[in-house]
Structures are given as structure tokens and as C-alpha cells.
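What follows is a pair of complexes built around chain A, which joins chain B in one and chain C in the other.
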Partner chain A sequence: MARTLRFNIFRYNPRNPASVAHMREYSLGETESMTLFIALNRIREEQDPSLQFDFCCRAGICGACAMVVNGKPGLACHTKTKDMPGEISLMPLPFFKLVGDLSVDTGSWFRGMYQKVESWVHTSKTFDPAAEEERMDNELAEKIYELDRCIECGCCVAACGTALMREDFLGAVALNRVARFLIDPRDERTEKEYFDVVGSDDGVFGCMGLLACEDVCPKDIPLQDQLGMLRRKMALAAVRGMLPKFLRKD
Partner chain B sequence: MSLSTIATHRPVSPGLTAAYLDWLQMLTGAALILFMWCHMILVSSVIVGPGVMNAIAGFFEFTYMAQLGGPAIFAVFLVHFVLASRKIPFRTAEQKVMWANAKRLEHKDTWLWMVQAATAMVILVMGAIHMWVVLTDLPISAAKSAARIQTGWWLLFYLCLLPMVELHVGIGLYRIAVKWGFVGRKDRSGFKVKENSITYIFIGIGVLTLIRFMFLAVK
Partner chain C sequence: MQIIQTDLLCIGAGLAGERVAIEAAGNGFSVICLSLVPARRSHSSAAQGGMQAALGNCVMGEGDSPDVHFQDTVKGSDWGCDQEVARLFVDGGPIAMRQMAFWGVPWNRVVPGEHTYYKGGKPFTAIEKQEKEGLITARNFGGTAKWRTCYTSDGTGHAVLYTLDNKAAQMGVEVHDKTEAVALIHDGETCMGAIVRCLKTGELRAYLARATLVATGGFGRIYRESTNAVINDGGGLIVALDTGVAMLGNMEAVQFHPTGIVPTDILVTEGCRGDGGTLLDVNEYRFMPDYEPEKAELASRDVVSRRMTEHMRKGLGVKSAYGDHLWLDIRHLGEKHIRHNLREVDEICQSFLGRDPLYQLIPVRPTQHYSMGGLRTNKDGAAYGLKGLFSAGEAACWDMHGFNRLGGNSLAETIVAGMIVGGKVVEFLAGTDTVFKTKCVREAFDAQQGRIDRLLAGQNGAESAYAIRDAMFDSIMVGAGIFRNGRDLDECVKTLQVLHERAGRVGLRSDGLGANPEQALALKIQGMVKLALCVAYGALMRTESRGAHTREDFPERNDRDWLSRTLATWKDGADLPTLHYEPATQTFEIPPGDRGYGGGKIIPMQTEQGR
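Right, the complex of A and B next:
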């Protein structure tokens, strides 16, 4: 027999001075293959057209529908109601600026972060649109792609105790971006230049190793391994000059 | 907003301080973990016999490891606290955020960090008392330790300190391993199980040691 799901959804419109933050309850009959994305759309269409939430692709690619589901950040479109208890609480992602209800502005933060870590290939070569694309070893291309799969949903930052306490902390998503360029041979940045970007307490040395980022990432990106690799690389870069010659190489 | 968060054409160099402090935090932590394992060997040797413990303590005395190493460990202990406390939230607003996040997330490693931070505070006070009492009454001997355990509130004191230290050491070792990437994604859960087992075993050995001291004849 189909369940009736009870949703407790955070409601608040920061642009309306009369709005007060509260949790509102909605009931909805569960249907086959229902996701939270489907449930939210039905609630909006059938019960409350004022409910704000973001979505775009419905397929775990755009990252727009990230929210806190029963305490854990995740994607609404990826979360099947059959895997959930009968009572579901939905909150907006913390850390990011609230637009209203379940909708947050991740874009502004991500743009600032990308500028800060200079999230692009730094090369002295002039791009020739007519030239054949430079060849890359397939294994390496797959390694880069593995880190490039990040959809910028913001779940890792919203689950990070360090980022929530210290808003200047870059977070796993930024450190993963840097790790991605670090293994890309087209990026000509030196170790010192990478260190200048992440070698601080706002960067990799601020990470307390809580690993919630690793555990909530909806795309299962190996964040723990990137954070560890980056910490070792940057820590070694700081003391490289003190090491005996045979230990100085990577 | 600090200068380093402002997008600049060229990033402002953060300097090497954070890296050095991170190294020191890890190395002092690793040194204290090693010390605690050696400490466990010394005190638990009383289970085999007070003579064995006295022999090991005598060796430390003879080589001046107790007289010089003891205060050195005390210094490392204080340095480690200062370095690690840079990450601990002391402001009420930060503590509230951390609590709210841990409760909302129900994430084991976040809770382990909370335990690590809370045990650190207890160890700072109780560990300092323990070191002061032992280092101002050298040489170490089984009889002296037993006499202390059998006096007043000291048994309760050590029954509190023991799990605090073992939890902090166990979680600390796990944290170093995952934070520095010595243990990767695929080995993490297995490593955690092993680390938990070691922590429980060490608490068990510690309790047995305290029981042995409790019933050791004091002249």
C-alpha cells in the first residue's frame, strides 16, 4: 500500500519583512519511483505555489536541487522517497546565501572561489582554434575527468564543519579544483604558485579532516584522497629547501 | 572579509607559517602517540610483576630519560595543545555552529572530532596534574604508583583520565592518517575498525593495570 509521506519544509522569504522562518508540514501520497524532486514539484503544483526551490536537469548533473534532507546535504533529484522514512525534513543548504525557502545562491560563492583559486588552465601557449587538439594519455585524461565530474552543488561545503565555522575556508570543492589542475600537464603553474593559492589556514592547512565532504558528495568524487594528496604536496613544498637533495623531488 | 578572500589579479602569498604549524601539529601529535604507547608498556608491565615495571623505570632513570624526557614530553604536550587549539572553536558562535552541524549531520567522523576536542580539554588539566605529580616525585616505581592509586580520589582520577587519553590517541592517529592521506578512501573504514579495536584493547589493559595497582601490597 502506498505511503502518505509527511514533509516538513523550511519556509522563509528574506525579501519579505513580514516573513518569519518556520517549518511547514505537507502531506503527499507516495508514487512509484518518486524522487524528492518529483515530490517538491507536486507540492508546488497541487498545494503551495509559493514554495521556492531550484532545479534544472533532474538528473544529478546541474547540482541546483541540493538541499539538506533529514539533516544531510544531498540532491533532491537523486533521492528516492522509497529509501526515506515516512517523515522527511527539508532545509536549505547552510553556508550559502538564502534566496528563499529551499533555494540558495551557490553561484556567487562559486564564482568568487573560482577567481580565488584561479580555476582555469594557466598556459603561455596561444590558443590556435585551427590546430589539432593536443594529445593526452587516456589514463591521465580519465584521472582529470574523475575530478572534473564535480557539479558544484555545494553539498561538501554545506556539510563541512570548518567552512561553517570559518567562512574564509576554501572547502573541499575548491581544493578538488586545485588538485584537478595540479595533475593537468597543460597548466604551467609552479608548485610555489599553487602553494600561494592553497598553502594557508584558509586553504588545505585549515582542513580539520572531518571528511563529511567525502561522505556526502552526491557524485562520489574522491575528495579525501585529493585533500590528503594536496596537504602532503603543499607541506612538502614548504620544507623542500630544508630537505637533503635526494628527498627534494616529488 | 580578510584580504586573502578578495579575488586579486595575483594571489597574495600566504607565507610558510601555516605549513610549518601544520607540520608541527602533526609531528607533536605523532610523538605523543608514540610516547603514550611506550607509557602503556611501562605501566602495564606491572601486570607481569612489579619487578618488571621497576626494571623498565630504572632503565629510564639510569639513561636520564625520565629526568630529561619527562619535562620534554610535558613541553611537547603543551606545544601540541597550543597548535591543535587553533582549530578548536572557542567563540560561542562557532561552538553553536559546530554543535548544530554535528547534530544535524549525524556524521560519525564529525562527532569523533567533537570527542577529540572535548577530551583534549580534560587531558590538558588532568594530564598536567598527572605529569606534575609523577615528575616531582621521581624515580618512578610500582610501589609509589600503587600507593597513589590506593590513596584518596586517585583511582577515580585515573579511571577518568584513561579513556580520555585512549580516545584522544586513537582518534588522533586516525585523523593524522586520513588528513595526510596515509590512509586513502578504500582503506578508511577498515583502518577505523582496527583503530577502534586498539583503543578498546588499550582501555582494557589500562583498567587491568589500575586493578593490579589497587591490589599491589604497598610497604
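Right, the complex of A and C next:
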């Protein structure tokens, strides 16, 4: 028999002076193939049109709908109710600024991150429209794409113990971004330049190794591997920095 | 009133908006992009398949050239496109792809040696040339003579958008996300920016700009079953139509994609069929070769969608609680291919259907997918009717797609048009100064604030925006779906006219405070119904079948009377658009002919071309 699901949803509208943060309960009949996307839209349209949440592609590709589902950050559109107990609690992602209810402002934080790690290809060359493209090994292209698959949903940062304690911690998403450029031969940054970005407690050395980031990543990106790789490189770069000049390579 | 001023205001931060933004910023102009969502969540990120450009590097693309690409594009458009624009597009394609590679896109590359590929479900081998090693490779897409769709695994849109947004960040392009343009500021001749609602606070702001670009993507969400993101509701076209002078082109040209999954309407890429996936019916019989012996599953989208519908109408669809569907079969492509090259497809099947495509069939049916129509511009991307207003990407009717766009051509359009229109915007900014008339700004702002105030005070009535939206969904699918006819369209137009009137009496059930989602829909619903009316009324008046526009009562493509583009404007207080027509193209590189697929009769053009 179809279940009646009980949703406990965080409600707070900072724009309404009368609003206080609280959990509100809604019940909804479960239907076949129901996801949290379907459920939340039905709650909004049938019961409470003021309920704020974010969906965009609703296909697990854009990262808009990250929230804390029964205690764990994840994408709501991906979450099938049949995999859930009858009682479902939904909270907004911590760490990011709250817009209202389940909606948070990830955009501002991520744009800050792009500037901090200079999330773009650094090159001294200029584009020549008449020239053939520079060649690249397909395997390398695929390796770069593997790290480019991050959808900036924010789950890894929201789940990160260090980030919650230390506001300036770059977080797994930024370290993964740096790794993406580090393996890209088009980016001419030296190890030392990368070190200046991530070689501190706000970067690779801040991580306490709790592994929650990788655990919650909806794209299964091997975030800890990237961290390990960066740490080894950065430790090396740090050592190289102490070597006498004639022994250095960069 | 908070006023923000910039040289260029891009309404939209998807691929098209950001590509134009980068061009302007690179030339020293200040740029702000608005977006409903953080830029990288724009719908472009969901495009999986790839972008067409005639690089001709892979063995199956050998002999390709912009000329061949041009022919495919014009045929695909069913001769509805502007051939001068199609030419600009195909010539610009290879440069744009290489520029993306230069900026960081990890395109898949040619791997020399023997490879097994699939066509029509059958494997064959081909040898990739040694001298092409490491150049950008391509895959097969429907309606093309050569393999020319450049890709990164199956996250092409994602990879290109991330690269462009990185570039935009480097160039200092400002992105104001969680904002929504609700009106253009104009005096009937010149556009001066936009009135914008902040989706974090609900407050209105005025953005003054010397040039304004509409790059808001498609408007698929006027249909219930659409592959588009939920934010693709045509906001940019609504604000343009509301000016009374800007024109929307070919709104009746709506593409349905053959493979939206049932029930959630999420798209699985054409790459599935390009790589050899097949379509099966209730008896697990492969039916497409019976209809299209040559191209089978890889005929253009309008044709495949129609054939599927036709087949289901014969009772050969698979019955389900969500209506009839057919099967997509990719099992034979094998584990490596499915888990790797088609990983997003694999993920979609597993996460949203609980099915493993390696062992199970995928339930699919034709689903609204692409808007060929949009804000009509000239070949420079300048909108008809208002100076200083530009458009690019899916929101624009530039018009290289005519009545059917080819898979892979729209993602390519965003960056090629972005490059070309961006250049023209730069010329415009360098050569023109705009007078910002404070009266226009104040009036535009007050009009929008007044709408919100009346809504909050409940002065308009108590109609539910959701109920009107649902009724619009029902009506447009009956009237302006895959197959259309005069009787249903007439009914649909009448229903929508009633809904248009009701939409003026919407009230809120909630308090409407802050970034209230009910208010957002309430402010937009009448505009959405207007767009639906442009689609349905345009379709009713166009008494022929062309590309995606299929009239059962007028099955011929009528080049004698209808080799034309529909242009819609909306007069203040009207409940129907005013339609005008212009020739589909001023120049002909290829005269109208047979597409070579899809069947259908043609009434030939006479010496004097249509209206």
C-alpha cells in the first residue's frame, strides 16, 4: 500500500520580520517513482506556496538542489523517496548564506573561490584563429574532464568539519579545481604559484582527513585522491623552496 | 530605487550570454550578467551530446567542410533558415571550437588506430589516422552527412560552460545571480536596460545599460513535458514582447526530442542513437527502418519524433501509468561504452528510473525540447524594433535553425553567435552613446513596483497562478504538440485567450514576502500565456507543414506561400499577437529542395518567392 510520507522541513524567511526559524511538518501520499523534486513541488503547489527551495535541471547535472536530507547533504532531485524512511527531514545546506527555507546562496561563495584559486587557464600565449588546435592526448583530456565534472553543488563544503570551523578554508571543491588546472598542460602556472594558492592551512594542510567530502559528492569525484596528490606536490614544492638556488628547477 | 549602471547588460549567463560578455569585457567594456541561478547552473550545463563544427579530424568526418555543414543545416531547417546566417555559423564553427580548446575545454581527441563504432546498432571498424592524433574528434548526430559533433565525454555543455565562466571570472565579468529581469527600460525606440527583481530579497532594482542582450535560453516550460530546466520559462522573451515593438520570430517552430525518459522527461542524449542505440516498440521490434530505410533512428529529430508518435498511434507503444512510450535500446553498446562514454545516460537511468541500461530497455517518448523561435534579430544579433537591444543563443531567432534545428547545432550556435554578436555589440558600444531618460527609468520601475504592490494587496483577484499554468499545459499540448490541425489549434487559441484574461486576475495564497516563489510565478504567468498564444496562433495561421511544424490538414511544405518567417508583436491591451511575415531568407545558396528524409510533398516556390 502506498505510504504517507511525513516531511519535516526547515522554515525561515529572513525577509519577514515575523518569521522565526522552525521545523514544519507536511504529509504527502507517496507515488510511484517519486523523487524529492516531485514531492517538494507538490507540497509547494498543493499546501504551502511560500516554501522556498531551488531546482533547476532536476536531472542531477546542475547542482542547484543540494540540501541536507535526513542529516546528510545531497541532491534532492536525485533522491528517490522509495529509498527513504517514511519520515524525511529537510534542512538547508549549512555554511552558505541562507536565502530562505531550503534555499541558500551558493553563487557568491563560489565566485569568491574562483578568484582565490584563479580558476582559469593561465597562459602567456594568444589565440590564433587561423591555427590548428594544439594537440592533446585523449587520455589526458579525459583525466582533466574527470576533475572538471564537479557541479559546484556545495555538498562537500557543507559536510566539511574544517570548513565549518574555519571560514577561509578552501574546501575540497577548490582543491579539486586546483588539481584540475595542475594536470592541464595549457596552464603554465608553476608549482610555486600553486603553492601560494593552496600551500597553507586554508588549503591542503587544513584538511583533517574526515573524508566526509568524498562521501557526499554526488558525482563520486575522488576528492581525497586529489588532496593527496596536491599535498605531495605542495610538500615537494615547499622543500624545493628551501633548497639552494642552483638545485631548484622552477 | 537602487540603480546599477554598466556598458553591457547580459540578461542570461548561459553559454550565449557569457560568450558575448567575454567579448565585451575583453574589449574594455564593463559587463554585468544577470541569471536566475548561479551562471554554471544555467541550462547549457545540461547539454550532454556535443557541438557541431566541421573540423573533419576523425575518420568518419573526413571530407567534411563548412559547405557540407551548411547543406545539413539548411536541409535540417527545412529551408526555413536565413541562409546568410547559416553560412556565418558554419564558417565560424571550427574557430569557435579551437578557441574553446585554447581556453581550457577538455575536448575528446582523435586516438589513432582501429576502432569499433556502431551505426544503426551494427558494429563496424574504422581506422583513425596517425597524423590526426590528438586533434579534436567528433561523434555522430542525427541529420548530418559527416561525424562532426565535438564532445567531452557526455558532459559537453557542462565542460564548455565551466570553461567560459572561468574565462568570464578572469575577465572581470560580474555575474549577479538569483536575479530576474521583469521588464525592459525603453522609450519605444531605444533600450536602456532592465528592471530586475532580486531573487534573494524580492526587491526591485534598475540596471541601466548602453547595450542589453537577451540570452535567456529556451521557453520549453510553457509545456508540461519538457526536457528543459525548470527555469526555462521564457522570461527574456516576455520582457521583449511586452515592449510592443520587439518581435518574436517563428514561435510556432517547437522541437520535440525523440528520447525524453518516462516519467520525469529528462533527456537522454541523441548520442545514444548516434552511437548505435535503436528504438523498439511494444514487441521489442525495431520499427524505424520501416519508416526511414536510409537514416532510420538518425533522421532529423522532427522526423523521428513524428514516426514514433505515428507508431504509438497504431497501438504499438508500451502502455504505462504515465501514458504510452517506446523503448530505447543501448544494451549492445557494451559495458565500457555505456559506463564511460555514455556515463550521464547510465546515471540518469540508474538514479531516476532505477534501471540499468546495460541490461534493461529505457522507456522514452518524444518530449518538448528546443525553441527554434525567439527574439528576432538581424545577422548582427541586433533585435528588430529597439536600438541597443541584442539577442543570442536559444532565446534568439537569429535564424540558422528555421523550422528544425539539428542536434549539436544549438550548443555550437551559443558560442559561434556569441563570438559574432559579441563583436557587433563591441562595435555598437564603441560607436554609440545612450541617453538614459530618467522618466523612462522611473516609469518602468513604478510600473513593476505597482504590479507587485497590487499583487501583495490582493487587488487583482484570486485566480491561482498554478491552476492557470496547468490549464495552459493541457491546452498547448493538445493544440500545438507534435501533430497539429486547424480544429484543435483554434480551440487551443480560444482557451489560451480565456487564460490570458484570467491571468490578469491572479492573487496570492501566501504572504508574498521576500524571494517568494508564488509571487515569481504570479508575475510571469500572463507573459507565459502570451508566449503560448504566439506559438498556437502562429501555428494556426501557418497552413503548411515545415520541419517541426506538422499540420495534419496541410501536410505539404508550401514553398509557394510559406517560405517565410512569422513575426509576432503584442499590442498593449490585446489578447492575441499581431502577426507579420518576412521572407525566410534574402539570399539562396541552396534553393529549396527535398531533405532526403521525412517524406512529404512539396508545393514548389514560384518565381516570386512567398510572402
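Keep in mind that, in the parts below, the second predicted complex is superposed on the first by the 237 of 250 C-alpha atoms of A that agree within 3 Å, B and C clash if a C-alpha of one lies under 4 Å from a C-alpha of the other, contacts with A are read in each partner's own complex, and residues count from 1 in each chain.
Basically, a residue touches a chain if its C-beta (ideal position, glycine included) is under 8 Å from a C-beta of that chain, and two chains touch if they have at least 3 such contacts.
Owing to the predicted nature of the structure, the values given are computational and were not obtained by experimental measurement.
Room for both chain B and chain C is found when the two structures are superposed via chain A, with no clash between them.
In the superposed model, A:A39 makes contact with neither chain B nor chain C.
When the shared chain is aligned, chain B and chain C each come close enough to touch A:Q115.
Of the two partner chains, chain C is the only one that A:S50 touches; chain B does not reach it. More residues of chain A are in touch with C than with the other of chain B and chain C.
In the superposition on chain A, A:F205 makes contact with chain B only, not with chain C.
Look at A:E134: by the touch rule set out above, it reaches chain C but stays clear of chain B. In the superposed pair of complexes, A:G161 makes contact with chain B only, with no contact to chain C.
Using the contact criterion defined above for the overlaid structures, shared-chain residue A:P222 touches chain B, although it does not reach chain C.
Between chain B and chain C, the smallest C-alpha to C-alpha distance in the superposed model amounts to 10 Å.
Across the superposed pair, chain B and chain C both touch chain A at residues 115, 118. Across the complex, chain A is touched by residues 37-43, 45-46, 95, 97-99, 101-104, 106-111, 133-137, 152-153, 155, 158-159, 162, 165-167, 169-170, 175, 177-178, 199-202, 229-231, 263-264, 266-267, 321, 344, 347-348, 351-354, 466, 508-518 of chain C. Only residues 1-2, 4-5, 7, 11-16, 18-23, 86-87, 89, 94, 97-98, 101-107, 109-110, 113, 175, 178-182, 184-185, 188 of chain B touch chain A when the two sit together in their complex. In the complex of the two chains, the chain A residues touching chain B come out as 68, 71-72, 94, 112, 115-116, 118, 159, 161-162, 164-166, 168, 193, 195-197, 199-203, 205-212, 214-216, 222, 224-225, 227-229, 231-232, 234-235, 237-239.
The touching residues of chain A, counted against chain C in their complex, run 13-16, 32-33, 35, 37, 44-45, 48-52, 54-64, 78, 80, 99-100, 103, 105-107, 110-111, 114-115, 118-121, 123, 125, 127, 129, 131-138, 141-142, 144-145, 148-149, 151-152, 184, 186-187.
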